[in-house]
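See below for the structure under consideration.
All chains are identified by letter, namely A, B and C, in their written order; residue positions are counted from 1 within each chain.
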Amino acid sequence: MKIKAVFLTRFFFISMCLILIMNICVVYGSVDINLWDTGRIVFGAITGKFPSDIPERFIPIVLGVRLPRVLMSGLVGASLSISGAAMQGLLKNPLADGTTIGVSSGASLGAVIAIAFSAKSTLVSGLGTFLMSILFSFASICLILFLAKIIDFTLSTNTVILIGVIYSMFASSITSLITTLADKEIKNIVFWSMGSIAGSTYEEVVLMTVILIICSFVLMRNGVELNAFAIGEENAMHVGVDVRRVKLRIMALVSILIGVSVSISGTIGFVGLVIPHITRIFTGPNHKKLLPISMAIGAGFLMLADMFCRTMFSPIELPIGIITSFIGSILFVFIMIRKNSNKFRG
Amino acid sequence: MKKLRIIAIIFLLSIWSMAGCSNKENVSDNIQTQEQESNKITDMAGNEINLKKTPEKMVVLLPSDVEILYELGADKSIIGVGEYCNYPKEALNKKIIATGDDLNVEQIISLNPDVVVIGEMAQSTDQMKQLKDAGILVAVTNSQNIADTYKAIKLLGQISGKEKEADDLIANMKDSFQELEKKSKGNFEKTIYFEVSPLEFGLWTAGKDTFMQELADMLKVKNIFEDLPGWAEISEEQVLERNPDFIVTTTMSNKDSSPVDEILARNNWENIEAISKKQVFKGDSDMMTRPGPRLVDAAKELYKFIYGE
Amino acid sequence: MNSNKKSPSILEINGLTVKMAGFTLVDQVTFNIREREKFIIVGPNGAGKSTIIKAISQSIPYSGEILYKGEDVAKMQKNQIARNIGVLAQHHSVNYSFTVEEIVELGRFSYRKDKLMIKEEKEIIQEALEMTGMIEKRKQSVLTLSGGEIQRTFLAQLFAQNPNILILDEPTNYLDIQYQEQMFRVIEEWITSKNKAVLAVVHDLSLASYFGSEFLLMNQGKAVSRGRKEEVMIPEQLNLVYEMNVGSWLHYLYKHWEKYL
């Protein structure tokens, strides 16, 4: 009973933090709308009546542009973080992440193919950017792990990362090839690949929410299995984990999450790598706690990062990938220094 | 842990290099072209070009310069063009040369041209030096605005021996622009928004110091993002807030709908003046961004869109 | 072999053959292990000892039969295998700072659908930690442990897993002399008190002959001899396999072999 009470307080606390961050992110935007007006607009959306002294154009800005975008950045942040955490556990590899092991590049390749050939092939346009990203990210994970296994049976950290980096370059080169050869209408992909959550709609938010809830639920149900993998695949097998099936399941879930995120927002680097590391400082490596808390911290982080993108040089927007890579790389170095100095102390 | 650290460093380096790769060297300010009596010509980077005779073999890398030379009737002497030169269509029959960071210096040298015309912003000083070291005459153009464009036309006229044609073309363009400006009845009350990249990929627009800005000024409408330098990614809510009367998109359609239909159908945009009055126009990106003779066509199209004549 | 008749056989290996990349690593090996037996596989490097263990734990393809109490292990469910056959790997490297307790708890993975009371589960883990002497370090991160302590942590996990046969691959690799003996004593106590059996690959011939009750001597993938200490761990047999006079020096030569083998 006591455990449940502690759990509930924590859950409540984290939810309050997220709601607070969300509120901040909705209030601060490129266009100045004060707290009082924003509050009344959101309240008006619930009651269906908007106060008459608020300029009419503010209503779609808050409700149509800002709110879905804030929600979407939270969802993408949560997806990338939980996939990063799951992958770092599955591969027993603290450097694993969609971007480092090349899955994101694979997903972008899928999205680019979908965009580039949507006019020419009905099959591809039918599959859409969404499914193509998911398909390619899953194929990428499989290919990378297959190659890694051929080269080094133990799937050691460095081999996986090395192959991931090489695969990433390979996928990017094909992406560039397609963008170069295709008509110049594809030049827009360049902007998109830098990452942007702009233009999110409620339909996308709902879809993303459903996918995230299902995938994260199944991932969390596999928390103990992930603990076993994080200790070692051989050990996982010895304690009775159905290694092959669980691995396939987790890889499929992670590729769905990364594929959908990439198709919506382009490649957003470092979130999936850094957030689980930060979370482990508070929770330890146990995935039962690590996965949900990573999700919450990732959501908050990306909402705030997107807010900076929108407001820092307003009306200019920064590509969100720049902010996340900038903050992420600094944090990562900081974490590594801290980790190493701990080691020396004892 | 040591290996981990090395990997992290490789990471940071790769990101840093990604960020750095788009830098272009910006050389000196362009110096006024001077009228030259003999065959001494000064290009737009201020370098003197010693042309012994009217060149028979020219390699031209910038699409705008190709368009100008075709307009001057000097196309016969062009033997190679840069990869993006797609107008007029005949230009595609010339030898096509990779430009930008991947400039194919070897290919240019092997064509043995009398002169190479290149854009200052597109090529680095190292590449220019390589060409010069190989004994090839290099002429540099650099047009940031319409006034620069006249200079480029003049320079290309001098080089190709079509000086009279160049003067005529410049006079023609000036006349057309003046006429349009005179005809334009607006007084900067109406506003216009140029969309370069669609919402799906993040909105990009043209701010001041662009040809689109100059065209808007000429037609006496106000660019809603004239406070921004050059090209910029902007917030969707800013477009809603600034509420333009006209929208010009230069993006291409990549879905089933045309870019105009896509903009008209956007969620939350329905209250924008341009949308409710259906004043959205698909402009030709090449025409509106290349410093060449087709700027006149772009201006005429825009005039027609704004004033409906 | 008259002692074998007393207890039923737990693990039966019939004609086990493992081939990999054109090499035959294990060639037609047959043996069985009965309750309360301490079955030791000895032999020089490359004899195929660890390969047998990998085959039993189903991590590599093999031909021949591996039967657990008459049931084909290859057809058993993963958690059924784990409940009955427990494997202690030769080498453990942990990357994340799991606590000792968290690792030991994983030993209960194959039982989690049984819905045992939390109290019962805690007692099992407590006992496993006590037996291996890791009880005081239960909350400590494994990243701060020594090699021997890590090995004991995973042994505690194995005790918590409570299989009927323990399979140990060079379990004393990281241990000092005094701990080697101690570890075997803990294992011996555990299997005799619970009617279990152990199969171990042991490098150190003196330790092997001190601890084991049944022996299998292997060389180049083949079983050379099989039986009790008096039948296997004798100079005539060992000298043949190790190609040097080891039998009479059994207690001294371990350190020398490290250099030569």
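In this section, a contact is a pair of C-beta atoms (placed from the backbone, for glycine too) under 8 Å apart; a residue touches a chain by one contact, two chains touch by 3 or more.
Just so you know, these numbers come straight off a predicted model, no measurement behind them.
Shared contacts of subunit A and subunit B, meaning chains that touch the two of them, come down to nothing at all.
Distance from subunit B peaks, on a Cα-centroid basis, for C.
Centre to centre, using the average C-alpha position, subunit A and subunit B are separated by 37 Å. Put simply, the C-alpha centre of subunit B and that of subunit C have 74 angstrom between them. One simple way to say how far apart two chains are is to compare their mean CA positions; for subunit A and subunit C this gives 43 Å. Residues of subunit A in contact with at least two other chains: 94, 157, 343.
Looking at subunit C, no residue sits in touch with two or more other chains.
Only residues 57-59, 78-79, 81-83, 86-89, 92-99, 102-103, 106-107, 109-110, 112, 143-144, 154, 157, 161 of subunit C touch subunit A when the two sit together in their complex. Taken together, the subunit A residues at the contact with subunit B in this complex read 29-31, 56-57, 60-61, 64-66, 94-95, 100, 115, 118-119, 157-158, 161, 165, 183-186, 188-189, 191-192, 194, 196, 198-199, 201, 269, 310, 314-319, 322, 325, 329, 332-333, 336, 339-340, 343.
Looking at the complex, you find that subunit A touches subunit C at residues 92-94, 157, 224, 227-228, 230-232, 234-235, 237-243, 280, 284-286, 343, 346. On the side of subunit B, the complex with subunit A involves touching residues 1, 3-5, 7-8, 10-12, 15, 19, 197-204, 225, 227-228, 232-238, 240-241, 243, 251-255, 267-269, 271.
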